[in-house]
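The structures considered in this document are given below.
Each of the next two complexes has subunit A plus one other chain: subunit B in the first, subunit C in the second.
Our next item is the complex of A and B:
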């Protein structure tokens, strides 16, 4: 029912071999994380013989690190660099050979005493006439904190360096040792705008670890919530991207529609963002007849109101002038980083966890995965627009075929067993990877990897050669999560 | 020369005191009305987005709040940073006093013509750009460099359309031009239409409105005018905000008096004439505020490097207007 995978204990040679495959592009890095004295790497084989069958495509390699060090993957495969820096910060395991020895999540403020943190050494900049623009971590808008260091030649961005980790909450530590209900609440708060996806990923991984299957109605209701969440976020992003080009009309329209989606979610599930509604073993709330009617109304409303907005977006030449060709990411880079979501699908990477993993109920539903090649802001907007349409179609199918039955396995009836589980779910940003190890009904170690881990580095690439004034537009079209990344 | 001759005739009949009173009234009125105009534009934009929007009086409240707040100065701020807001405000206010908002023949209007107004605004901008760079933050420099780039293109366009109007009316003196437009059978002239378009473009650019700049943005990296004033606070910021409101009013009044001068009072009008003219002026401003709001909503902001093309168009319109006039008069 969930993502099939195998976890193997490997030695350093096999670890290096897996890194070779990553470098050669035969496999895609899903995540890299650690436990005390052990480091894990998850890779996805998109081309292997098992790919069509959907089995055995995800492999987890585990490497014991008795000397508190492991051979760096990031040394040869850049997508692993930040993950390995985070591993070193969180677990003290040293990636041997990683050229970037700077901390990543650790800002030097985790100690007990209030020692002033050492200055972070940004990458050196050489050249005549270059100047630096530091932006953040506190921004003028109501957004999360992150620091951007621009190096510019006049208006042209020569390099952007990101510095993240300002919203580190210690999720990994909080989850370790937590009983399941508490752990589910923590997982739901990893990134507020994709709380359903986070909860869903956690619940699926736990269910796989305990070898239980949630009731069918719960599986379908989860998909309803996931699609409602996707609709709300895509609508919000669409308006916000246009607003960053000072086209506030679109923000007003999309803001109204997003609000309708959120209010419908509150009517149906009792919470605007549907937080804590997906729990291990099922769902916490049922959808009653009134909720069903509200969802039908919502779909009808969006079916009527979205097409004129698509036309408005497409017909506004001044807006197209801003979005077309801005912030291009090459398909090669997207493939190398295995970037998911609209970032990947706008540049030719047709990966969607709903389709690739084929979990229920998506295996029983018909939908398309929109893929574009341009890789610019416009393409990322269009992927969102197409996904809104697909989500509406999915919602119609889900509401039509909603099975009846129980909602959840009560917490008391959940087995108190041990085991490991993995889930790869499609949040609105892209694929969310969750791996969990359970011991006696408690979480021993849980790792959540937000899609943003592989999208943030591409933002640095996207802005290169663009002008400074276009950065907000590029940034909003990526809309990466700070919280989901900083953990 | 023409101006001075007219000046004698202008307030001669009225008495110096009355003329001064009217001028003082005009200056007070523009100062009082400027924040309201900003409020109305914001309200129009909000209503068009189906938002309720803040009260049209909000800019006044903002000014009162800013005046009541203490000024936070960067440690390395020089005297320039502290004095620039007053210089900017003074220059803009004087420029606004020279425009025949609701009446021609105001006493001060004989002291300077359209070119002086352009120069005063240019001087204010020069001070603001310097102040933006004074503290040495990257945003101030970024904003100043963008502002100066825009200004270097807007000013030639402005001068070109001044010439165009001046050739038609035979004077660069605003009062004379407005009086000429009002009394002579100018008719529909292609040159004037071109000059109107050019002036609208220049006005949008000078006031930092969409599509050149976005006064409502919070995105530091895209700002032009706002980037320069990011470091200002308290009464300094109030002066700058008031000056930019005055500038918006100035350009709106300029478009009104040059191209839609109907209803302007003139020296020697009765009090009722002045009152009627003030009412008409307010009406014109309302219409323009509505049009500006609509324009800002219907268009996205252009890339920074598109602005030269946009202002280049204004310059070409001005130039074409001048050339057409020469051709039609056969030199």
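Our next item is the complex of A and C:
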């Protein structure tokens, strides 16, 4: 099973109606992207009959743009603004009425002539005694590059404006025309920390487009890898967030546990991050008896080691003093932006693609989706902790029920057909949307929308009114992907 | 509880240094002996992401965990290029990052070394040929050492960095 959807060719009036529904909160924006002369918008209807179970229906609207322009959705629905700026940068289609006409991913450096970086006009901030702090793109730690422009009143941040796009690699362009194996390798590198989720989303979209189903064992092994990836990232984030609150003991412990997870991944699947292990048609490696034992050992280790760390987090007042109430995002903003992952679930939005879409094998597994309301750094830590526990339970169920059988449809046996497919998978940081159009067995157009697209803007809101020194803490608690966003 | 957890870290988790990689040792042998003497057995490393997918960053981060414990070798990561001896550069060098990388390189005092990390850092990797990338670190700044891999494991990274510190074996005497 995979995400069901319908794609409809619409006129400008229907396009505007869809925007009305987004503004009214009846639907949630999943993504907005373009092809040559055509713009697409994917929306999720969370109010349908499946809504009570956290389900939803996906629709894609496509609007031809013979005049190279389309009615801006971002004009009325802010979550679309950056997506529309990117559409204009990459495909030259003009979102009519979009209030922010500045380029986003295009820094003026792709062509022959080069525009100096200083030419980017940051939004004006006016007031007595305000000062600005420019940070990046090269940051002080081992982090991806991006620019943050803080405007401060003393220690208090009045406004943060992000400028991203520094790691734009032209992934959309590279994917177009690529044969499936090459395209899968590129998709796996959209965001390295989510490589399994990226590969999974790409593979599922392709499989839907070609109307094929991977073998059952592959479906289950993919979920094993996805949960191992979630464990590694949540452990890493948990330690790093505490470290940014000057509590390095947690980083030391979580760092060791994360390393154990990655080594187990290498033992089981031959690669620490499990890159290129999920492929269209199945998986590239099998889990042998030694690997199975290693995974059982890993689950047992984490079952023993995590609870004392949870208690330590909960009992350390100096740490809680930094995380509780810091970097708060309101449930209203989270709902408006359709923010997924720990950012959404820490502020009342229960969406989890594993539950909402219910792709196999998650439809056969028992798990909870932890949801908190506070929307602060502390809540984002707790969502991660609860998800670590859920992933351990999922791994136990997966290992118990792992079906036997073949691993993949060989590349040579994949149909060389044409078609379209969509996937919505739950990466560790939130739902990852993939849409692909295939022609003669090659990728004609592929669009990957990382969860970060709808989380980055909320970081600007989260830091408002906090002190500058809490920015690393807030930023780490979001842990948005630069690469996944810049593409 | 805290005491218990601190005790947990006192057990020797740190592992032995990896064996030298002969291929990397050969590369490192070409490094300037004078510069090597001046820097001694301590290297300050500034990491620069020039467009990676963040996979390399994850493994560079892992070098600081208790099992690899980078700092025991005299290697430490610094927050400014002004304090650095080595730039550890990842990514295919996006056109949008090229100027920032060049400025970081110019801000690093001599003598300095550049280590290109990962298949992207080596030649652009899967992103080679895109309108938006330069195709490897050497396209922007001079590179002294390449550590390949997608991403290189922490062990491979350590082997590469230790090759910078360890003087090459003297050639066997004739006869």
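We adopt the following convention: the second predicted complex is superposed on the first by the 473 of 487 C-alpha atoms of A that agree within 3 Å, B and C clash if a C-alpha of one lies under 4 Å from a C-alpha of the other, contacts with A are read in each partner's own complex, and residues count from 1 in each chain.
Here, contacts are C-beta pairs under 8 Å (C-beta built on N, C-alpha and C of every residue); 3 or more make two chains touch, one makes a residue touch a chain.
A quick note: this is a predicted structure, and the numbers were derived from the prediction, not measured.
S.K.: For A:275, select first, second, both or neither according to whether it touches subunit B, subunit C, the two together, or no partner.
M.R.: In the superposition, A:275 touches subunit C alone.
S.K.: Scan A:141 for contacts with subunit B and subunit C and give back first, second, both or neither.
M.R.: Both partners.
S.K.: Is A:9 in contact with subunit B, with subunit C, with both, or with neither (first, second, both, neither)?
M.R.: The answer is neither, since A:9 touches no partner chain.
S.K.: For the overlaid complexes, name the partner, subunit B or subunit C, with more touching residues on subunit A.
M.R.: Higher number of touched subunit A residues: C.
S.K.: Is A:174 contacted by the first partner subunit B, the second partner subunit C, both or neither?
M.R.: In the superposition, A:174 touches subunit C alone.
S.K.: May I ask you to decide whether A:249 touches subunit B, subunit C, both, or neither, giving the answer as first, second, both or neither?
M.R.: In the superposition, A:249 touches subunit B and subunit C alike.
S.K.: With both complexes overlaid on chain A, does A:132 touch subunit B (first), subunit C (second), both or neither?
M.R.: first
S.K.: Kindly list the residues of subunit A that each of subunit B and subunit C touches, one partner per complex.
M.R.: Common interface on subunit A, subunit B vs subunit C: 140-141, 249, 252, 256, 316.
S.K.: Over in the complex, which subunit C residues touch subunit A? Could you list them?
M.R.: These residues of subunit C touch subunit A: 1-2, 4-6, 8-9, 13, 47-62, 64-67, 77, 79-81, 91-92, 94-101, 104, 125-127, 129-133, 150-151, 153.
S.K.: Per the contact definition, I'd like the list of subunit B residues that touch subunit A in the complex.
M.R.: 45, 48-51, 138-139, 141-142, 145, 210-211, 214, 216-222, 296-306
S.K.: In the complex, go through subunit A and note every residue touching subunit C.
M.R.: 107, 109-110, 117, 137-138, 140-145, 165-171, 173-174, 182, 185-186, 189-193, 195, 236, 249, 252-253, 255-256, 258-259, 262, 266, 272-273, 275, 308-309, 311-312, 315-316, 481-483, 486
S.K.: Hey, which residues of subunit A end up touching subunit B in the complex?
M.R.: My answer: residues 131-135, 139-141, 154-155, 242, 244-249, 251-252, 256, 316, 318-319, 321-322, 467-472.
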